[in-house]
Structure formats: structure tokens, C-alpha cells
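In this document, chain identifiers A, B, C and D correspond to the written order of the chains, with residue numbering beginning at 1 in each.
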Amino acid sequence: MLIYCIKRIGLGILIVMLAVTLLFFMIHLVPGDPARILLGPRATPELIASMSQQLGLDKPLPIQILMFFANLFRGDMGMDVITNRPVADIVFGQLPYTLSLILTAIIGAALIGIPLGCYSAINRNSLADRVTGILSVACITAPAFVVALYSLLIFAVYLKWFPAVGAGEKGDFGDQVAHLVLPAFAIGLSWVGYLSRLVRASMLEVMGENHIRTARAYGLPERLVVFRYALKLAVLPTVTVIGVGMGFLLSAAVFTEIVFARPGLGKLIFDSISTRNYPVVMGSVLVSTILFVISTTISDLINAWLDPRIRASL
Amino acid sequence: MKKTDQKNATLELSRRRFIQASGALGVAAATGGMSQVVFADGKKILKVRAYGDLRSLDPAFSQGVIDEEIQSSIYSKLIQYKPGREWGYQLDAAESIEQATPTTIKFKLKEGIMFTGGHGEMTAEDVKYSFERIIAEATESTNKPDWGTLKEVTVDSKYEGTIVFDEAYPPAWNIALPYIVGNIVSKSAWEKAGGKVDTTTPSVSGPYMHKAWEPKQRTVLARNPDWHGGSAEFDEIHILPIDDESTAQIAFEAGDLDYTRVPLGSVSNLKASPPENSTLEEYPSLFYVWVGMNVENEQLSNENLRKAIQHAIDVPSIMQASYFGAAQPSTGIIAPGLVGHREKSLVAPEMNIAKAKEYLAAAGMEGGVTVTLDVLNKAANVTTAQVIQATCAQVGINVEVNLHESGAFWSLGDSSAGERYKDIQLILNRFSMAPDPSYATAWFVTEQKGIWNWERYSDAEFDKLEAAAKAESDNTKRAAMYEKMQDLMEESGAYRFITHEATPVIYNNGVKPAFRPDGLPLFRYFASA
Amino acid sequence: MLQAIKRICGDPLGLVGLFLVALMVLSAVLASVIAPYDPIALNIIDRLQGPSFKHLLGTDQLGRDLFSRVLFGGQVALKIALISISIALCIGVVLGMIAGFGPRWLDNIIMLLFDTIRSFPTVMFALATVALVGPSLSTVVVIIVITSIPTYGRVVRTQTLSIKSNEYIQAELAMGASTFRILSMHLLPNVVGPLFILASMDIPTVIALEAGLSFLGMGVKPPTPSWGSILNDGYNLIRNTPWPIIAGSIPLVLVTLGFTFLGESLRDLIDPKLRKSL
Amino acid sequence: MSKNVLTIRNLSVNYQTDQGTLQAMRNVNIDVPKGSIVGVVGESGCGKSTLISTIIRLLATNADIPNGEVDFEGRDILTLSEDEMRKLRGDRLSIVFQDPMSSLNPVLTIGKQMTDIQYRDKKTMAQKRQRSINMLESVGIPDPASRLNQYPHEFSGGMRQRIAIAMALQAEPSLLIADEPTTALDATLEVQIIHLLKQLQSTIGCSVLFISHHLGVIAELCDYVVVIYAGEVVEEGTVSDVFKRPQHPYTEKLLECDPANIAQKTRELPTIPGNVPDLVSLPSGCIFKDRCHTKIDRCDNERPQRIDAADKHYVSCHLRSPQ
């Protein structure tokens, strides 16, 4: 177990480093001089040169990468040249908004999608199963930005149930939750569909396994058979998918954060790439890959906790 | 103010309480009217939209309109833009100000203007410091060009001073004194801060103070109790950065905003059925949109081809399709209301198939030709590009549209960033503008080739006029010069002018807004109705 | 094959899926015959119209017939999906086999690469790629290929590992059969089915990704009619008319339903255990 | 009250398939007398699993029962409600499945699974655990208290089958169905399990319906044997009668093919030539006629009746009919 954790952490660090290095190369192939874009139309060539130097862009690429890691090792993610604030402050300032959004979305989706999938599996081929099937799959397609737009129009403009933009008053939990509902709905909806299909499929598979027949043959109540004996196994692939899904949700967050004018990591990445604000790009991508590594690790650990066979193989 | 407004205002219902009161079902919420200037917790708060986030509170590093909307509310200037439909200025920190000689401006400050944070009274020394630091090499201010030929500011007495230019610089009245570089900061505060501030400011002297910045969420301004002009109207102004205009409109309709610019596409619908208790106003805009052609490109060095393209672009169709009929075709790069605006362009806005074909024949390309059009990936641009593509096709010019995201687009014509600038042919471009014609023409001189002059247009006469017009103080002569410059641009065939766009704004009737003639908000003058 | 089709017909949802997929493929292939208008012909006067007999799904801001654009958009969607998925499949199969059959260190490197690609937020990767080469159909394809290789690669690797440990493979290896022979004779036939199903279920994802890229202005070049660009136009026009966004959503939803149900049906028929290896 | 725990009369089961109606079992009669062990023998696919599924009422959804009754302790199982049926399962009627590797839930501890099935008893958790420990002890699991906290994958195959038996007998049922419980085990384990079953059966005093294709095991363990071929009972009787004096040609062949009965060394193992008939389109006459070496004309068109060959020894074959 301990060895497994150490291995995971080592692998995680390796992935993050590789990702950052790849990003460095990608950034340097991309056209658009950051110094020039950051400084705006009025910048003189001298200003641009001085900015390039500040950004460290005048040094050879491998040196830049090494410098980045060296600074990172000291806990320094660099400075944002526009606002002159530490990148770490900027990224970690935005992180809670995205984390709360993603977690709300995925937890909400799991709370709705998993029971829905169970229900479909138990009532296989019933009318209700078919209807939920069609609805779930239709949900999967709905692009986040379309759902976001319509939920804004319906729930914020016409019904006025929820506020439209922003993330709510600082320190006012109720207000923040109210601001979270629609964006989380927008990115969670497709996951409701996805998870319910996934759970239905794995549930059907598990329900066909011998030990379920055994449980039934011992006369266990169906409720117990489904929720204790089958579901625990059926959610295993779901947990893995959710772990990997955090990465996809970060992409979806970009759309919702734009449409809901909500602060967050997704929008930060989008904005900083468009403005070629490289220190912020590096910092935010670094954090998002770490986030991904952590979420897959957590999902593996949850699987190990649920399934003793996996636990034994760690 | 209508009765209902008062009623809503006195309800003192914050959004949060509103939600709590109406419960998750929100049955009651649906019946509520537009939010008025929100009186949350007894505070008078103005909520407005900006199209981007704060970048700097230092006038020397202000990145344009977004920063200026905030800075102009917290700093004082000698003069401010006057709200209204016509360009003009009114006094702010200055008790009096005049153009003493063509190269000097004399001013006298009001007495008793206090800087917050214990930095004392504003003196001519502060004005000198504020203006001269912008042009000092060491500051590395990107806004230096706004001061044109500024040489120095001399202090004549505690409150009096003289702004001295090397050469006459009339634009100072339009784009320097009442704009970004005209903000006066406290010398002692700035020196204490090391000569530069970032996203916080040590001292202000305007009606509002900078209270908080929540990145990508909002900037909060609070009333400055020490303001020399009396008491500001609102306890707080919340400036929300909302990039997407549709979202901004939705936020307004949902009651999250008291004022916002709305998309041009929404104008006709908002006119037909305006949201309750709100007012839509349409202002012109200073932006200028044009199709530029790279005269040094092998294919487009053919002047006749350029002229054929000028005539093959149908601007009225673009107005309908991309701007929903809410904007007018432009005659050049200088908007109506500014000195040097042309009443008519040389090439009519409507396409002229016969002429276009004629020029194409003259260019020796009757058989058809293919050119590329580079476009920034924003909706209006993409639509415009497709209209251009369609109308050009009618005369045998095949236009291939290349989309770019903003970072890549803005470096297209940059000759210091590789060889791409040589390959670009047609560019659909849009520049922002300050209210002086010199601001527009500055980008098209020979010196700007490969910087912002992506057409690589070069004309000795244009360059000469550009330099002279900047220093010309007689407005009639100035106008003639700028009109001539736009004629030259158009005659070269390298430019097809499209539009200045428009600025439709909407605000709820609880607010009495204040706008520049181009529709940009002057938050310091916003009041409640 | 005939058996499979026959059995799909016995499953109502599978049948619906088959029908929808066939409908999409047919309408895309026959777009130029069915479509009442040229999908890129402007008609500014008729812009932003609601559905009518003249324009079944209305018109967009340039007066283009949305029904025709949806039909031709199907061609684009199919093209993007088929090209990108087949390229991703080929590369994924090769890399997956190498990872599964090759030496341990190579396996580790490939898996590390896969994990790295997955750990990148897709949009981030797409943004950088678009910034690099500009938005176009082929850019969309490249983005999809790179981001979906790890999925296929992992499936193939898992299958390879499990087949490799089979006794008959060990026996063949002992008798000196070449790796190539084993991979092509034993492995390929075993992974083709699952991969085919996986790929068919991926098609909607690919189409949705294109829509998202178009929303960020990184999709196909105008005036190419793609469902994503119709949706994106519709998004910007939503305050004027809801029809373009509806016109863009309908085919997207139908195709997703079609491919998902067909894929699930096939999976249940051919290999109920497939999901486990994903 | 009848002396049988289980009486199956005239039972038929059909499956609806794409190809048509598959008649998996036809007019089957089986008796399980109290306290006895009845073996059911037949090739794979002969309907053994269908028989079990019918008795415990866990048939696939595409199955239906056109006729017959399954009398268990005086009640017809087929007419019971789902709820009443569930009350019987695991209490009066228990089962041990074939594959010990897959028949236990892999993600729950043995203890959890063993206490879960005592959900009907109003006992404390500690009491239920103690019961489980006792059961595990009685099936020969060492250190049962601590092993209760382990998961199935931590046990060997033989151990797991012992656990399964312990679970099945925990409630002291009146009928235990054992579905080829030893097939997945190797020979030495098989013997142990058989002995264990026999010993527990006599302690508890329950009846056992023992399904197997292994004649040796049946001979060793059972009192009675039922021979099934392609969904029909072809012969039944006491083990000694049937094994010593098989009346049906199929039983004869089965005994011939049993490796344990082959005295001489041969190069080839004897097999029964031919295939099991298609149960969707049943041939007329005797079901075994195509593979029968003693087929007569009557076999082609006339179905053989169940006849008494001796006391409690029944057979369905024209050769044995008095006519």
C-alpha cells in the first residue's frame, strides 16, 4: 500500500513534469509574441525587449524549462507580468471556484445518474428504462454551452430562481451555492446521462454474475441484493470514469465559466492562452494536471477501498 | 422615476434574501420586477459590466478602456469628458485651464483637493509628477505616445502650473488630459510605493476609492468620504468583468446588473419589447472596422485587383448580416463627431459588380483569382468574412477565409515574428480609438509597417500630413488634412472601410447613467434616478 | 454479420439506433440531392426566418437555409468522425500492441505518454494547437486524433496483455512464431470487434467536441456548414431567434442517440465483457 | 403429510428464443423423500440447471412453465408469491452452486455475507456471527472467527466451497440443492466435500437434491438417482438398482462411458455417438432414438411411457414396456 502510494506519487510527478515540458515546447511553437500582446498596441520595441527579458523568453528553451522547475522546487511559480502578482496567488485564487463547480457537478451527477442507472438496470426493457435511456443519451450530447445558455435564459431570466453571473458574495455561503447551481447543472447534465448509462450497463453485467444468483438463492431481499451486493461492484468502473472525468470537466468548465462570467481555472487557462500570458498558462496547466493526477489517484484508492481484490494487488 | 421603481427600491430586498424569501420554487421571484440599483443591506450599490478584468491601477500601465473606467472613478484629472452626445470637457481638479500658447497649457488647481491615505493636498507638483513620469524612459509606460510632444510640466505656484510641449499638440485636449494619461496621482504616495503601483493603489482623490479586486469576479469601488466634489452617489460600485455580451445582457435581464452594453443583434428585439423598467440607448462608436490589403504581397501589389476587391465588398449586406442593421457603413477611420470625419467615402458602400469586374479585367485576372482573408474568430467578424466571400465570388474573386484566435491574429502582420506578414493578403481588422483623429491615423504611417500597419501601406504625402495634422490647432484645417489622408488611403485601394459599429447600452430606470458620446460609461457621473 | 443485424432488429433500441445511423449516413451522402438550397448561398433578405415550408428549419443570419446546412453538416461531421477515429484507431492499435507485447520499459514509456496526454485539459490542448496552425477541419481532426489515441491504445494494450498470457500463445512463441504473426493472427481478430464498437460509440463525442471547438471559434473554416458552427451561430443569435440553435441541436442529439444505442446493442450482442477492458 | 420433501409432477419449462420455443424440460417427475439424497445425472445441456432454477424460482425472464407442479413441503412452489418464495429460499430451501470461485460476492467479507443471510433471525449481530463461526467450524475451516473478516479471494477453491456449504446449511433447511458442487475441484478435494456433505446431511437431517454428471459421486453419496436426457427423465430408482441394472439404453451408455467403470485399457474413451436433439423442433417418438443402439420401430413415432421396471424403479423405454 505504502509502496503503491509512493509509486503513484512518483508517476504523478513524472506525468506533471512531462506535461509541463511538452507545454513549453508547444508554447514556443505558437505564434504571437507574449511581450507584444501583453503590452498592447502602444509598446515600443525597447519595451517589448525588456518585457521578453522579464519573461525569460530571451533564454534558450531548455534553460527556461530548467529554470521553471528550479523555481517550482523552491515553491515559486513565477510572477504574472501584467498585474505583478505571484502566479501561485492567481491560480490558487481561481482554483476554489473551479473545484467547487466541478465537484458539485460530478457529485450531483453521481447522485442522480447512479440511482437512475440502477433503476433502469433493474427494470430492464421496461418503458421507464427506455425513456430514461433516451433522455440520458440525449443529455450526453447536449453541449455545455448550449445547456448553459438555456439554463440562464430559463432559470435566471424568466423564472429568476437563480442569479445569472459571477460566483456570489465572498463569505456568504448561501449566495455562493445559489451561484453554483446553474453552472454545475450545465456541466453536470451530460454526466448524469453518461453515468446512468454506465451504471446501467455495469449493473446489468453484475446482476448476471453468479454471486448475485447466490444472494437471491439465499432469499436476500431484492433491495439488499441490488444496493449492497450488486451496486458496490457496479460502481467500480464509474469511480474510475469519474476520476478520469475530472480532466474533461475542466474543459467543460471553460465553456460554463465563459457563459456564466464565473471566475475559475478554466477561464484562466483560456484567457491566459489568448493573451499569451505564459507564466499564468504554465502555472494553471501545472495545477490542472496535478489536479488530474490527484483525482485519478483518489479514484484508484476508492476502488481499492471498495474492492478487496484491487486492495490486495496494490 | 416611476412609482414602481420607488416601491422596488424601498423594498430593500437583496437578491439573496429574495431567493430565501421565495424559496427554491421561486414562485414569487417570477413576478418580481427588474432589480433596481440594489439596496443590499441598506447600501446603495451600482452594478455594472466591464468587458474585461482590471489589469492595473497605475495610469502609466493602464491597458485601455477597462482600466480607465476604473481609474477615472478613483483619480482626478484636470478635465474630464463631459457626458452627453457631443464631445467636450468639463473641469475637474482644475479651477481653470487654457491653451496659453500653441505649445503651452496653463492650469490652476482647485484648492483643498485631498489625496486619501494621508498623502495631503493635491498640488501642481503632483500634476508635474503624474504627467512627466509617463514620458520618462525609466517608467517604461506603454501609454507614453498619448502625451505626444509633451516636454515637461513647470510648477508656477502651489496650485498653478504650465504644461509645455515641444511642438503644438492639440490632441492633448482630447486624448491626454481627459483620458488615461491625464489621471493625477499623489507624488508622495507613488514615490513611497517605488514609483509604480499594480492592482492596488495607495492613494486616490476621486469620488470613489478602490476597495477590493476579486480577480475575474469583480472590482469593488467604495465612496471616497474625502472627495472634493462632495459625496459620491453610490456607496459602492461593483464592476463585473463579463467577456461575453450575450451573458452580460442575460445578467442584466436577470437583475444582476444595472447597466451593460448589449449585443447589436439584440437591439431590434429590445426595442420591440424592452425589459420592464429599463431604457435602451444607442450611441455611435469610435471603433473602426476595415478590410486591409497587403500592398507588398505579390498578388495584391496589383492595384487594380485591390480596387476590384474594394468594389466587390457590399457593406450594406454586412451591416444587415453582421450588425443586424444596428450599425452604419463608415466613410473612413474617423467616426462622426470627430474632427476629420468624412461625409462620404470615395467608393460607395454598396458593391459595384460592373466596376469590380472592370478592375479585375484591368488587373488581368478576368479568369478569376483566389485570395485569403484573415479574420479574428469573433462572431461578427466571421459573419462579415462570409458576406465578403459571397459577394466577391460574384465577380470571380474566390476568397478563402482563415480564422485565428486572438493571440495568433494580433501577431499576423508583425514583421518581428517570423515571415508570416509577407503571406497575409486581406485582413479584416478592427481598431479601438480615442476621441482624436490623430489616434486613428497614427497606425498607417510608413514607420508602422510591420508593427500595426499590416497593409504595409506607405505614402510620403500621408506621412507628411499625419505629422502636420497632429500639430495643427485650427480645426477646419485639421479636418481637411484628415479627410485628405483618408482619401489617400482609400485611393491606394488597400482599404475598404466597413463600419464604426455602434454602442447600444441598456440600464435600469433606477439609474441615471452618464456616457461619453461614444457610449462608454463615465461611472463617476452615474447617479440614481 | 447478418446474424448481428438480425439480432439488433430484435432489440428495439438497437433498431432505433440502426435506423438513426442509417438516416444520418444516407442524408449526409445524399445531401446534395435532398438539400433544397445551396448550404453556403447567401440570401440576406431572407435572414433569420423561422421554420416554414420554404425553409424547413428556418434561416441563419446570412439567410442560408438551415435544413440544407444541417444536411451538409452531416457530411462534415461524418468526415471528421471517420477520418479522425480511423487515424486514432490505427495509431492506438500499433502503440497499444507495442506496449502490450514490447519490453517493459517501452510499455512504461507509452503508458506514461498516454497518461500525460489525458492529464492535459482537452480545451487547453485544443487552444494551443489552434493557435499553432489556425482553426480548420484538419486541425479539429488532429486534436481529436491525439486526444483519443490513449483510449484506444489502452484497450488494445489490455487485450494484448491478456492474450499474451494465454497458453497457446506461449506455446506458439516457444515454437518460434514471429511476434508479427501472433499479433496479426491472434490479437488483431480479437480486438477488432471491441474497438469497432468503442469507435462507433465515440462518434458522438467527436461531433460534440467539434461543436465545442466551433463555440470557441476554433472549429472548421467558414463557410463550411458544420453542426458545431450552426450551433455557434445559433448561440450568438439566441436573442433574435431560437431556430438556428435548435436546428444545430436536433441532428446532434439524434446522431448521439443513434450511435450510442447501436453501439450498446452491438456490445451486448458481441461482447458483453467489453466494458471491463475499457 | 407426504413423505416427500419435494415432489415434482409433470413439470415442463420452455424458453422463448429467437429461433422459437425451446422446450427445455418436458413432463418431468421427481421425488425427494425426506432425509434422503437424490442424485440427478445427465449430460451438460440436459436440463439440470433449468430444473434447479425452477425449484428455486430463479428462471431467466424468457422462460415459462406451461404445466406441472413443484410441491415443496406441501405447497406448490410455482403458485407462491415472490415474497413467499423469498421466505423459503435460504431458510427451508438452500443451494450450493457449482463454481465456488464466482458464487461468493468478491467485495463483501465472508462474515458479512454469512450474517446477511440470517437477516430473518431476530438475533443480535454477535449471535449471528457466532452462528456463522460455528457453521464454519463444522465445515472444517480452521480459525473461523478471524477468517470471517476475510474476503472470498483470500480462500482456496475448496475452502470456498466449504463456506458455500456452511452458508447453505446455516439455516438448517429441509432441502439442500447441490449443483455440481465438486466439479470445479480436484479429486482429493472432491472426496472431502462429498464426505462433508454426507456427514452434515445426517446431522441436520435434511434432504439433498444432488446434481452431477459424475456417476461415481452419485453412487457414493446418493440413495436415489434420476437420469435426465434432453429435458426428460428417462430412468429413476435407487442407486443400486439403476447402477446395477440399468433399464434405459442411455443409462447403460452413460455407465459404459464413465471412466471409472472402464476396466480395460483402451486407446479411446468410449463415447455416445450422435448429438442431443434440437429442443426447438422436437422429433416425434423417443427422444433418445437417434443415438440409441437398440432402436425399434415404435421409437420413431410413439413416445415411451413411464413404466415400473421394478419396485421404485421407473424407466421410459419401449424395450421395457410389457407390450
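The working rule: contacts are C-beta pairs under 8 Å (C-beta built on N, C-alpha and C of every residue); 3 or more make two chains touch, one makes a residue touch a chain.
These figures come from a predicted structure and were not determined experimentally.
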(message) For chain B and chain C, which third chains touch each of them?
(response) A
(message) If you average the CA coordinates per chain, which chain's centre is most distant from that of chain A?
(response) D
(request) Look at the interfaces A-C and A-D and say which one is made up of more C-beta pairs in contact. (result) A-C
(request) Find the most central chain, measuring centrality by the gap between its CA centroid and the centroid of all protein CA atoms shown. (result) A
(request) Quick one: report the Å distance separating chain A from chain C, using the average Cα coordinate of each chain. (result) 22
(message) Measuring centre to centre with CA averages, how many angstrom lie between chain A and chain D?
(response) 53
(request) Determine the centre-to-centre distance between chain B and chain D, using the mean Cα coordinates as centres, and give it in whole Å. (result) 87
(request) Quick one: which residues in chain C touch 2 or more of the other chains? (result) 127, 131, 216, 235, 238
(request) Could you list the positions in chain B whose residues touch two or more of the other chains? (result) 246, 405, 407-408
(request) Please set out, as single numbers or ranges, the residues of chain A touching at least two other chains. (result) 30-32, 149, 153, 273-274
(message) Which residues of chain B touch chain C once you look at their complex with the stated criterion?
(response) 246, 249, 263, 265-266, 268-269, 317, 320-322, 324, 377-379, 382-383, 385-387, 389-391, 400-405, 407-408
(message) With touch defined as at the start, can you tell me which chain B residues reach chain A in the complex?
(response) 15-16, 19-20, 24-26, 29-30, 32, 54-56, 63-64, 140, 142-146, 198-199, 214-218, 240-244, 246-248, 250-251, 253-257, 405-408, 410-411, 414, 416-418, 420, 431, 443, 452
(message) Show me the residue ranges of chain A that touch chain B in the complex, using the header's touch definition.
(response) 30-33, 36-37, 39-45, 47-48, 50, 82-85, 90, 93-94, 149, 152-153, 156-167, 169-170, 172, 174-175, 178, 258-264, 267-268, 271, 273-276
(message) Per the contact definition, I'd like the list of chain A residues that touch chain C in the complex.
(response) 11, 14-16, 18-19, 22-23, 26-27, 29-32, 130, 133-134, 137-138, 140-146, 149, 153, 197, 201-202, 205, 208, 237, 244, 247-248, 250-251, 254-255, 266, 269-270, 273-274, 285, 288-289, 292-293
(message) Using the touch definition from the top, list the residues of chain C that touch chain A in their complex.
(response) 12-13, 112-113, 115-116, 118-124, 127-129, 131-132, 204, 208, 211-212, 215-216, 231, 235, 238, 245, 249, 252-253, 255-257, 260-261, 264, 272-273, 275-276, 278
